[in-house]
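Following this message is one structure expressed as structure tokens.
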């Protein structure tokens, strides 16, 4: 379905687990790691970086996106997200909007349980989704260009 | 479906049109108005209030929500959103997340074309949706409470 | 100094205390109330409205500003902020930037201790400041218009 | 004053100019580049990554900070910021709050004119400042811990 090899999928998931180690989450104590696979095959990692103001918090997914985009890599093949929770946790709406700016509607997004085990013998699950499903009927750059009515 | 009378629906849509007049959008020139119908029958209006930093911008939907919540009204029956565009424009991901915090999954959300005419004789359309559809598989308060895996 | 009467100052401070009661702060447990005095003499209240995403949180000061601006009231004479802490707590940088968009550099901002007592017999203090002091050398709308160099 | 060698200062400024090239700013057309010098001597670059929602925009300074923090580098020696404008442009309040979370009050922040020329023969200026000056009397992590009054 996603056109990724199993090896690529496992690589981006592994990177999300590694990324989680650098989470700065003293307020929520909710660690999140994310990793992007770029179209060129690079892996870019991000973690949630919280802020005392709460509103200044930047999630793992957005950290990974702005990190990659600020290095000129804006074409993506996959995103993986992992937390410390033993179930697949979904991105917040802020992250969905930022993902929407750069990723295709059907780019695979892997939401990975903390106890995921690539051997397939564990109970940890992957929820494979995409931004077309997570942010249906989305607002995007093209809407800003629409003609205004009278 | 939504349990609202036609009169209530028209009232909240009319309020969204009125709200749009107070949009502060010198950067995007994209005016948005929103209106909430609270469970007690009050109507609370919001408009987008932009900021030179761009990141500090607060959309019409969030303005309406925080306005109402800060007056102790946090139970809602409907939301209407209108712009200057002659088609139904959807809320951004940031607003969907904030709506998610307070509204039920199936509360009616009316996305209204700028040329909507309640007489039904015009071409303007309403897209009736809900946060369950706009932010499926959402992240919410309950996820922060989940036990962390080992 | 600020051109406000003592009566006006006490009214806006009292409103900030009242506003705090409607704080929605289940994550930080840090209640904040704010109140604006508009140039026309109206008082507009705001409280912090937090969000499970943390990043979607909107502080009391910003809530008050967007509430007022979305009603067409964008000229202000004073702002008061109060928390549950027995000392004067300062606005975060996000709020300072939003205040900057609408308020003059020297508009009085009263940061009020939770144990403030207008009789002057208590220990609670007011720290009177302004956005010129809180956000010196600020970024604002005029900078977006500056000519780009070669 | 800042303890940086001239060579280090020029290196971080040069990196900010390079970072600007990767700005994604289709909405404001206001390109910004930032670079951090970490305490270990690494240089981390960031650019502003805008979003159609406007509110989802992340500035160059915040991009650099979350990029570095998500790689476990949270101790900084300097920050440089440059735009396309021929004068020193200051960080927005959102960025000041995020800088505040990780940087010391007196860490040098170089705000650099687009026509800066390290030879010193040009007209381009550097405004050297610090977060203690840009966000005085700031809100920070320690305030969240303060005891609540009765």
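Here the chain labels run A, B, C and D in written order, and each chain numbers its own residues starting at 1.
Criterion: a contact is a pair of C-beta atoms (placed from the backbone, for glycine too) under 8 Å apart; a residue touches a chain by one contact, two chains touch by 3 or more.
Everything numeric here is computed off the predicted structure, so don't read it as measured data.
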{"item": "Size of the rotation, in steps of 5 degrees, that lays the CA trace of chain B over chain C", "value": "180"}
{"item": "Rounded Å distance between chain C and chain D, as computed from the means of their C-alpha atoms", "value": "26"}
{"item": "Where chain B and chain D are represented by their mean Cα positions, the distance between them in whole Å", "value": "35"}
{"item": "Where chain B touches two or more other chains, by residue", "value": "27-28, 52-53, 56, 58, 92-94, 97-98, 100, 139, 143-144"}
{"item": "Pairwise touch network: line, ring, star, complete, or other", "value": "complete"}
{"item": "Parts of chain D lying in touch with chain A, wherever the complex brings them together", "value": "19, 21-24, 26-27, 45-47, 49, 51-53, 56, 58, 60, 62-67, 69-72, 74, 94, 97-98, 100-101, 139-141, 143-144"}
{"item": "Residues of chain A defined as touching chain B within the complex", "value": "28, 30, 84-87, 89-98, 100, 113-115, 127, 129, 133-139, 143-144, 146-150"}
{"item": "Chain A contact footprint on chain C (complex, rising order)", "value": "27-28, 50, 52-59, 92-94"}
